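Heads up, the next two complexes both have subunit A, just with different partners, subunit B and then subunit C.
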Partner chain A sequence: MDLGPLLPAVLLTLGILGVIVTDLLGRGRRPAVPVTLALAALAAAAVAALGIPTGDGLVLGVLRADAFGVVFAVFCCGVGFVSILATLRGEALRTPGGEFLTLVLSAVLGMVMLAMSADLVMLYLAFELVSIPSYVLVGMRRADPRANEASLKYVLFGAVSSGAMLYGLSWIVGLCGTTSLDGLGAALANGAASEPAFVVASVLVFAGFAFKISAVPFHFWAPDVYAGAPAAVAGFLAVASKAAGFAGLVRVVAATLPSVPALGDPLGGLLPEGGPLIRAMAVGALLTMTFGNLGALRQREIKRLLAWSSIAHAGYLLLALCVWSPDAMAALVLYLVAYLFMNLAAFLIAGIVIRELGTGDLAALGGLGRRHPGLGLALAVVLFSLTGLPPFFGFVAKYSVFYAVLAKGYVWLAVIGLVNGVISLYYYARVLSFLYLAEPAEERTLRLGWPDRGLLAALVLPVVVFGVAFWGDLLEWARRVGPAVFGGG
Partner chain B sequence: MSALALAAVGPAALPIPDLTPHLPGIVFGGLAGVSVLGAIGAATAPRIVHAAFCLLAALFGVAGLYFLLGADFVALGQVIVYVGGILVLLVFGVLLTGRTQVVLGQEGPRRPTGAILAGAAVFLGLLLAIGGTRWPAQPRPADPTPTTAPIGRAFLDPDQFLVPFEVASVLLLAALVGAAYLARRRREP
Partner chain C sequence: MLSLLVFTPIAGLLACWVLPARHARAINLVTCAAALVLSVVVWQRMDAAALGSLANPLAERAAWIPPVGIEYYLAIDGVSLALVLLTTFVAFVSAIASWRVEKLERGYHMMFLLLLTGMLGVFLAEDLFLFYIFWEVMLLPMYFLIGIWGGPRRQYAAIKFFLYTLAGSVLLLAAIILVVLKNPGEGGRLVWAIDHYTALAASGHALLESGLAGLAFVFMFIGFAIKVPCWPFHTWLPDAHVEAPTPISMILAGVLLKMGGYGLIRIAYPFFPATAMDLSTWVAAISVIAIVYGAFVAMGQTDFKRLIAYSSVSHMGFVTLGLASGTDEGLNGAMYMMLAHGTISAMLFMVVGVIYDRAHHRDLDRFGGLAWTMPRYAMFGSFAFFASLGLPGMSGFIAEFTTFLGAFAGVDRWAAFVALLGVVLTAAYYLITLQKVYLGDTPAVYKDPKHYPDLTAREVAVLAPLALVTLYMGLVPSTAMDLYMDVARGLTRTLAQAASGFPGLGLG
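Entry: the complex of A and B
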């Protein structure tokens, strides 16, 4: 029995235990030790994941260590790493305690398991292992009533949606008689896919994932939760939690889709061909892009604006998913990598600004771009990249998504996506107009330490570098996930 | 005299119809009724203590359903964990902290019509889907066999649920750490 594929999970678990023990022994006097340990565990897990011999076989009956799982495991470890560093420089400018690190590591472990799961029991437990630490992470600042409200909202909506998902999963297990994703495909091919109960169960399961990736109409928690959470935690949720949700969704779709009969085509090629889940994802993509961007138009606070923008980006990601081709899967991974750098940088800047100014109001940003050219430039690069303008990474990512959509002939989907890009330019550029054109209410200077600058540079430089060069190599690397999902590799 | 004993005497001796084939249905109906009435009571009772006791009935009814289906381990788990642990905790929490009488049902939406309609629509949809589906029939075992040992083996079998079992312990650890953090007396100003 080869336990190599479990190594990342084992390292993360050891990290959790190490953090708890060193935190207790140090009694909070040496807070740097658990932080270092947590960062080391995440880095080691990422390296170990890269070294996993990928194959199609099952590991311990419930996991699949293929290229797809490895890519997402490395991704989520990376986001956890950056989020801990960003917390060090976030609003409170205080070293996070052992609880925070334990919860981040547990959530990352859940994400790794979710991306690799090949069994519904595994999938659901991993899903909860992502959710429950996230609820607490949002409410970490207990003295802040907004954080408490955000945490409570997240728990309530999260509990309802994961309950709906579990109910749907129970129907699927009852219908197919197995919890393994492979067995599911076989049972569905034997006729279970055409039962009405399967359609209802698919909707319920999709609702659970849609909550996690904040797709319309399950998005309404995101702005309140992101606004109440520390900026670094909001970034962690917006990037890692969303990516893990997509990974789980891909696993379920890949297991069920080949056995599900395609629906008729009443709309004349407007929506991609495929079963109910593909159609639901296509409609969800259109709604999520549009409502996310429209919602962002009237935001006055930077974290709420980023929350709506991250809803819109979930729409673009769903667009890549509903096309369901190897090209689109590579585009999805590329988009997520671009999104990692852009969004974590944006949330880092939000955290720094709130730390220094005490508020995230866009009006308070007035004139900051002229007093802090470096920060202003970084924010400009990030926002233009989020819009999808060349020559930044965001453009390459959007281009590859739209290319995959057009390659399958879904012109209308691509057109609506492009229109949404134009809408998003308005609110991203509005932030820049505050930054450079507005007069400040009062003259204030930000105190930016070298760790702020270093971390920001590490996140913003790839946005430029991959926008200009090397993105072809990255796309080649992302193409490795195609065979893992679609077979033939 | 229970229905079982009556049935054992036989239909020839007494002018009572043989209920044996219907026994599972009758037991199911009783347990389901207790669960549903308990759930309705828990949702609508004006006093929180009454709601907690209605919840007790609902949870016991569900445990009975698990017994009826031959899932003895799950049924006992339901009784020990939900009735014995969570519900007792709930009642104690309410009794120890509730100096002022909490009257429920005043914070909800003033016009629940929309919620009732939506709930009814979902219920109807689920009912139609359940009714319209050919569920794969599982043969009912003649003798109820204890399920605890197979469940335990499946948990520790590396080819079945060993990894989920371990992940569940990490999940519980994380939940414990989070709960301890949130419930700890605050030291920050």
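Entry: the complex of A and C
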């Protein structure tokens, strides 16, 4: 048995232990040591993941280190890395304590396992390993009642949907008699899929994932949680946690889909062909995009606005998923990479603004664009990119998704998605209108250190660079995940 | 050469950024002059063959994003050239008109130059993807130019403009992707070159099966119609025009509106000739509604600038009317109307801007007798009015005349009769306005030469070149027509073949 594919997980675990030990020994006097250690562990795990010889073989019977798993492992490590850096410069402007680092590393460990899991029990364990540290991360600022409320909400919603998912999984296991995803496919092909119970189970499982990726109607927690959590943590949840949720969802769909018979077509081609999971995802995509964007229209606080916008983006990602083609899978990966840069940059800026102004109210942004041309430009680029306007990375990502949707012939699905893009422009442009067009309420200057600028530049530059060039190569790279999911590679 | 033309404004933009803000306006002017000179050089390098086809030595083509077949492909033919010349010319005079911008000078001129790159890129890009990128790039500076430097309701106008245009362009994007997807080149490679599809469609090959073709054409048409703007997609225009600062109104009316017409002539009609001809009655109908409705609404305005804005809606109706006819004369009229309206509307907005700078209001009922106190201003103003209402000897007349020729030759002759009503109405509202502003008694306020001086040298420098071109285009129409007629005839041939030869789509 080759344990090489476990190396990233081992490194992350070592990192967790190292952080706990150095934090205890240093008694908080030298906070830089655990931080460095955590960053090093994430970087090493990412490098190790890239070095894994990808193959179809199982590790310990429950993990599969194929190209898909590796891509998501690297992705989540990257987000963890940036989130820790962003916390250093976020609202509180303080070095995060050992517990924070431990929680982030544990969550990333869970994400890596989730992306690689090939067994339902493993999948559920990894899912919880992501969730539980997230609950605590949200409530890290114990003195802030909003953070407490957010944390409690997150736990309650999380527990309910996680329970629903576990219940659904138990039905599936009962139907199929196995927990292995490979075995599941075989059992479903032998007739288990035609049981009505399977539809119920599919919907229950989707509900669990829908919570993780904040899809409508399991999205209610997101605005409160993002607003209550520190901006860097909100960014971490919005990007890494969501990506991990998608990775798990892809694993389940890939295992069950080929053997599930397609449902009838009551809506005349509006929804993609496929089984109950695909249908649930398509309906979820349409609802999530639409309600996410409509919800964002009314927001007056930057973190809440970004929360609603991230709900809407979950809708676009679901759209790519429900099409279920190799093109769409590549688009999903590309979209997530673009989303990483755009969204983390947006939350970083939100964190800096809240740190300096003490409020995330949009009206407080008045005239900021003129006093801080650099910050204003960065935010403008990020928001236009989130809208999906060229020549930014967000456009390339949206283009890939809609390309995949149209390639399968779902014209109306694409049109609804594109119209949603127009709605989203309204609230993104409204932020900009506060930034540039509104007269400032009071003259306030932000103190921006070079680490702020450096980190921001590192996140915003790719948004521009990949929007103009090199995205062809990135797309080629993203296409490599296709065979891992669809077979034939 | 073409890349140089497109990216000269970017060089100017960088110079504005690096050098002190007080030089920004000079850099803008010099850059616009350089672009104008470059476009004239391009013109000189093009012979008759080059005017008729995109495949000429000036084309620049390189792989850009190879995995998906997207190319960096700039090319020029007569239609592009005519509009590029219009763009650089209007941009140059607008740069003169921008001399007195005081608020955030550096930012203004940088946005202005970015806008210029976007506009030139749209007219020169021959790769659908590149075209779409430039199409959107132009949107961003326009949003800020209206939103920051505009009038009192600028935020509302900027967002409305932005949303409308984006709504149109996402439909355009969907249609473009559909076309590209369904027509892979050799070995399944995607092709994005516009001329590739034009040639395919001209050879009688339907780019999409009938139902999808109808959908794609309608999507494209709406996308471009919002820019034109056709009735009923025009409501963003009066707001955007009224709130935009004078030089930006000039560019908006002079160049931006032409992008819609250009898109129809370059992409929508050549790609789907059969669908276009099937739907020609509908297009003709919304054109005459635009012409007549625009004129009626213009007549009812008391705001000088709103009046000019609605007159644009009315005049752009002639562009789509000419196109709908599918005849040589109709296309000639459509193109000529775009060029003529480009210069005339720029002049009209400058005329409004001049008086607004002095009076700080645009209420037509409060003006009067300016001809006696500001004779030079009255001269240019009435010149612009007469040009716009189509007085023979000026470019507007040629444009309307050829459009009517085309419309009478086409299938929807009734449309031409209704549109004639629009011409009468246009004459009416311009003459009424002329009377209100320039003739009659001069209210006492306007008699003060200190606050109401006649045109300054700078203002004359803006208006005079526009007036000269208008006059020249009215007297020697062949210069401009020779530029684009070959391409236009090619398109008419395709349309005629499609109308007779290809199977209909049952949508008309």
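One rule holds in what follows: the second predicted complex is superposed on the first by the 489 of 489 C-alpha atoms of A that agree within 3 Å, B and C clash if a C-alpha of one lies under 4 Å from a C-alpha of the other, contacts with A are read in each partner's own complex, and residues count from 1 in each chain.
Here, a residue touches a chain if its C-beta (ideal position, glycine included) is under 8 Å from a C-beta of that chain, and two chains touch if they have at least 3 such contacts.
Predicted, not measured: the structure shown is a model, and the values here were computed from it.
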**OP:** Based on the superposed arrangement around subunit A, label subunit B with subunit C as either clash or fit.
**Re:** fit
Original post:
So, does A:156 touch the first partner subunit B, the second partner subunit C, both, or neither?
Top reply: neither
Original post:
With the two structures laid over each other on chain A, which partner does A:63 touch: subunit B (first), subunit C (second), both, or neither?
Top reply: first
Subject >> Chain touching more of subunit A, residue-wise (subunit B, subunit C) >> reply: B
Original post:
Which of the two partners, first being subunit B and second being subunit C, lies in contact with A:119: first, second, both, or neither?
Top reply: first
Original post:
In the superposed arrangement, which partner chain does A:422 touch: subunit B (first), subunit C (second), both, or neither?
Top reply: second
Original post:
Does the superposition put A:21 against subunit B (first), subunit C (second), both, or neither?
Top reply: neither
Subject >> First, second, both or neither for A:32, with subunit B first and subunit C second >> reply: neither
**OP:** Quick one: classify A:50 as touching subunit B (first), subunit C (second), both or neither.
**Re:** neither
Subject >> Superposition-derived minimum Cα distance between subunit C and subunit B (Å) >> reply: 39
Original post:
subunit A residues touched by both subunit B and subunit C?
Top reply: none
**OP:** Spell out the residues on subunit A that touch subunit C in their complex, using ranges where they run on.
**Re:** 370, 384, 387, 389-391, 395, 399, 402-403, 406-407, 411, 414-415, 418-419, 421-422, 425-426, 429-430, 433, 436-438, 469, 471-473, 475-476
**OP:** Could you pull out which subunit B residues touch subunit A in their complex?
**Re:** 125-126, 128-130, 132-136, 138, 157-164, 167-168, 170-171, 173-175, 177-182, 186, 188-189
Original post:
Given the complex with subunit B, which residues does subunit A contribute to the contact?
Top reply: 1, 6, 13, 16, 20, 60-63, 97, 99, 102-103, 106-107, 109-110, 113, 119, 121-122, 125-126, 128-129, 132-133, 135-136, 139-140, 142-143, 174-175, 177, 192, 195-200
Subject >> Interface residues, subunit C side, partner subunit A - complex >> reply: 64-68, 70, 104, 132-133, 136-137, 139-140, 143-144, 147-148, 154-155, 158-159, 162-163, 166-167, 170-171, 173-174, 177-178, 181, 212, 215
